[in-house]
Amino acid sequence: MIKSTLLASSLGIVLCFSGFSGALAQKTSLNIGLASADAGVLDPHMNSATTGKSFLQQLFNGLVRLKPGEISPDQIEPDLAESWTSSPDGKVWTFNLRKGVQCHHNFGEFTAEDAVFSLKRAATRETSTFSSDYAAFDSVEAPDKYTVRITLKNPIPSLLGVVMNYHGGQMVCKAAVEQMGNEAFRRRPIGTGPFAFAEYVPQQYGKLVANDQYFRGKPVLREITFRLIPSDAARDLAFQAGELDMLYARQDQTSFNRLKQTPGVNAYAMNPAEMSVLHFNMTMPPLDNLKVRQAVAHALDREGIHQFRGRDVSRQAVSVVPNGYLGTLPNAPLLPHNLQKAKDLLTEAGFPNGITLKTIHTTLPGMLSFMEAVQAQLRRAGITLEITPVEHATFHQQIRQNLSQVVHFQAARFPVADVYLSQFFHSRAIVGTPTAVTNFSHCKVADAEIDAARSEPDKAKQIALWHEAQRKIVTEVCAVPMNESLQLWALRDTLDLGYEVKGALNLGPGVLETSKFTR
Amino acid sequence: MRSTSGRACWKPASSRADYGTGVTAFLVRRFGFACITLFAVLTIIFLIVRILPGDPAQVILGDQADAAAIAALRTRLGLDRPLLVQYASFLAGAIRGDWGVSLVTGRPVIQEVLSVLPWTIELTFFALLVGAVIGIPLGVWAAINRNRVPDYAIRIASLLGLSFPAFVSGILLLIGLAIQLRWFPVISGQRSTWTQWLQSLVLPAINLGLIMAAYITRVTRSAMLEVLSEDYVRTARAKGVPWRAVVWRHALRNALIPIITIVGLYLGVLIGNSVLTEIVFNRPGLGKLIVGALNQRDYTMLQGMMVIYTLLVVAINLATDLVYGIADPRVKLQ
Amino acid sequence: MTEAVSKSPPSGLSRLATAMLRAFNTNKTSWVGLVLFLVIVVLAVLAPWISPHDPIEQDFFSKLQPPSATYWLGTDYYGRDILSRLLHGARYSLIIGIAATFFAMVLGSFIGIVSGYYGGRFDTLTMQIMDILLAFPSLILGLIIVAMLGPTLTNIIVAIALTSVPSFARIARAPTIAVKEREFVEAGRALGFSDARLMFVHILPNIAAEILVMFSLWTASSIRTEASLAFIGLGLKPPTPTWGGMIREGFENILESYWLALMPGLSILLVVFALNLLGDGLRDAIDPKLKGEQ
């Protein structure tokens, strides 16, 4: 009987206090809700996933950085480098580093030697996912303690893009990597950013603490906890209940509208949009047949998907390079939705009874729901799409092993056409080859244009080459670009990140030293 | 949720008296049996993990690794040794407490398990508490009102309780108490203050506890019916001991032995079934860890967890047997 | 072992039918369960003809609609009719639940009867293996098997069947031990009947009632396990409508449209409850000892 009294009284206490749960929290700790169960490898040079990038960006600086909240490459400002110059031919770049920057957890001062080490690490295939970005690097040297000199084999469209606080440009501390080794570094990443790594518990959370030696000043927030909550509903509920201050919102119009109307909440639909593209593996029948690919393209309905994904939170894709990138072809000859045409083409190709396509797909709800919508569209044209759902990491692994006939890839890249084109549509990037990146379709029709554009000094000619490349890829139907979904985030209105939240190249609004709670 | 086989479960338990003559012999036999079970299950686990498709070395290094690197890692992991040698070292490791290192996080499996174990233990404990507090009185009440309205009502209600998949009841609780009424938090992950801890525990514990209560109610009812028909209860009544005292002091005390046994048997199932509760309430725990390891193809983690789980189940079964053997006077008598 | 069985003469299916009928009449709740269950079965069988809409066809302009005259139970995230998906989903739930339990029953009873009939070391060993399998919760075991084999209809049935084999083995073994000592079996043995004939012609009909009762209870359990697997993400592939999968999808929309998760949740509850009512009532009637005092 004592037991039941205890339970009854504890229930009573819970009911009394539940109303105050929000007010009890110290307002110098920030809780962020992220959308997957695992942040992946905690190495800025390896991790290209949304969750990992949002988490890691606070730990690292680049030589230069994008102004917080901006995504356009012309909004670059100094970071670890105070100033930089380039030779007239654009082949030699010199960066002058800030003095006295300290690595986290007493790993010493960040100097030119660290920058050289970090860039070389980012350019090495074994230690970096982004090594192909550095293919044009001839040498990286440190003439003195605070100078970094990069020599290129040929000029590239955006050198600053690969030395900024993004992907391989994030600077790791040499002493930390060398003392701990890569394995241990990935369990305890060390950088120079406003927040330092504290703890990571898979399936639960990652925790960062303020770096009081940060060169831009002592952070106002003392602690950031990134909660890993794959379920959209659970994350949203937690935010509604005041347990999170900021969250990666469900990629859906209805939820977004509700968040927007919630008092005390600011909801943002941010760039860069992640473009959903269906890549057709052209080495696998029947997709080796152009008519079949055209039929599939005609069966797809971009307008319908736009309606499905939401009018304000997504937009229709225009080309195989996303909207607004430098060099995007705004009116690419994408095949229009036409069911009759699709059926006719299938009949012409010798499949009057339709075809069956197989796809390996991630279980991430936002992506999977898109694919189920695509599945329903194709069904109307007699095309059966068999979806095999696998966990996100397995998905990434298997699509790179050439196992999926159709690959749905959703990504944003550095906003210059060259990056998207060379990673997804250049023959060097074909999956299963030694130089593989993410060319799932085995597309190779535009190699010449992509290569020529990269070293073309005349801006207008460069853009014309990129346009031509896109026209060729679209005509060959290597892939069908479908929809671009914006990054949906919601913040409590008492949270001031210290800048205007317009975009986030790292796929999550970065937390700065000046970020604070206003109440 | 072996709900429905509840009664069938405890019948063999009562026949366990056959296993030994003296208490010592009984203990020795039970311990020996536990060892054989453990050995057999470890062997099955070893085989299952070897049968699983995919090369662990390939999984660790990813698709971009070259053949030399894979071979080197296979050597480091000991995968190139003869199967029998691997088996021996696996068994030795399992007994010594060396349960491997997670492929994904690189941390020892035991460390990962220990970091979520408190969550599972507290959930299990409070679920049991809720179950006992609700289930035992209801079961007794049903038994003393046998074949009358309260009995029928309780039996049907408990059957309904047993019919709930844990995630359906969990979602109903979430919709009702967390979303509509906003009494409870949704993530059970925060526990920096005492109230937060309690808040985070209540809903999941009620969810598992209600199913537990339905189960305990039925077990209590049938155990009480059996005890109430025994001679000493009739004797006590004949001697004029008040009915209330007979029920609560004499009968229930004796009925508790089978109840504890069955609940003990159910505990392993309870731990396993907390998976669904953990997912719905986004609560860390052993179940969620297993699901995560499966999703990520973390074979070593899976193997280590199965070993730890087996040890746990075998230990719980052994403890239940021992308690039963010591507490039940009939075992001593034989 | 049990009164109902020990009083009945040796063999015959008609005896079994009589015993079942008597059991139904002893406990009226069984009738309620049976009728409920049969209604669900009929609805599932008729699903293609009585569904108001196509369960797979999507309509993005009627996403997430609350219940209305057109969509009696509302629509899901893809604008599909929930009622139609529920009706079709019932087919998969029932097929998997019944098939898995049936295979478990056949295999488990075989193991149990053989083990109980021969006894000795063979019996001890078999039952120890069954105990080990029992030690793993059916959900975790099913989870591992489906994850290993991949989530297809056959694999899910196999996985769920394997998890309930030990229970049937235990259930079949106990009455076998009791029955094999009885006169008619002894007599058969004296007449030189083969072991197989004794086990499956003479013993089996006498323990069939108990096994059939467990069949209804374990079908309930199998349906619940299937739904749980689908909820975790190891269900049949999309767009196949499964109740567990519908709850999984509905859970993501729980803030705006709670009926998405509620309707399939109640469906599972209803069918499991119906089977439990059926089986529980029968068990009490067939095995009066379990009812307590006599």
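As written, the chain order gives the labels A, B and C, with residue 1 at the start of each chain.
Criterion: contacts are C-beta pairs under 8 Å (C-beta built on N, C-alpha and C of every residue); 3 or more make two chains touch, one makes a residue touch a chain.
These numbers were taken from a predicted model, which means no experiment stands behind them.
Trainee: Please indicate the chain closest to the centre of the assembly, with centres calculated from CA atoms only.
Mentor: B
Trainee: Count the touching C-beta pairs: is A-B or B-C ahead?
Mentor: The greater number of contacts lies at B-C.
Trainee: If you average the Cα atoms of subunit A and of subunit C to get two centres, how far apart are those centres in Å?
Mentor: The answer is 46 Å.
Trainee: In angstrom, rounded to a whole number, how far apart do the mean CA points of subunit A and subunit B lie?
Mentor: One centre to the other, that is 41 Å.
Trainee: Give, as an integer number of Å, the spacing between the C-alpha centres of subunit C and subunit B.
Mentor: 22
Trainee: Mind pulling the residue numbers of subunit A that touch at least two other chains?
Mentor: In subunit A, 231, 237, 240 touch at least two other chains.
Trainee: Counting only residues that touch at least two other chains, what does the list for subunit C look like?
Mentor: Within subunit C, the residues that touch at least two other chains are 233, 251, 254-255.
Trainee: Send over the residues of subunit B in touch with two or more other chains.
Mentor: 174, 179, 279, 295
Trainee: Note which residues of subunit A are touching subunit C in the complex, please.
Mentor: 231-233, 236-237, 240, 250, 254-255, 258, 304, 307-308, 363, 365, 368-369, 372-373, 375-376, 379, 386-389
Trainee: Spell out the part of subunit C that touches subunit A in their complex, as residue ranges.
Mentor: Contacts found on subunit C: 56-58, 60-61, 63-64, 77-78, 150, 233, 237-239, 251-256.
Trainee: Taking the touch rule as given, give the residues of subunit C at its contact with subunit B in the complex, in rising order.
Mentor: Subunit C reaches subunit B through residues 29, 128-129, 131-132, 135-140, 143-144, 147-148, 167, 170-171, 174, 214, 217-218, 220-221, 224, 227-228, 231-233, 247, 251, 254-255, 258, 261-262, 265-266, 268-269, 272-273, 276-277, 279-280, 283, 290-294.
Trainee: Along subunit B, where are the residues that touch subunit C in the complex?
Mentor: Residue positions touching the partner: 1-5, 7-8, 11-12, 33, 36-37, 40-41, 44, 48, 51-53, 143, 146, 155-156, 159-160, 162-168, 171-172, 174-175, 179, 222, 225-226, 228-229, 268-269, 271-273, 275-276, 279-280, 287, 290-291, 294-295, 302, 309-310, 313-314, 317.
Trainee: How about subunit A: which of its residues touch subunit B in the complex?
Mentor: Residues in contact with subunit B: 3-4, 7, 10-11, 13-15, 17-18, 21, 24, 37-38, 125, 183, 186-187, 201-205, 227, 229, 231, 234, 237-238, 240-241, 243, 391, 393-394, 397, 400-401, 436.
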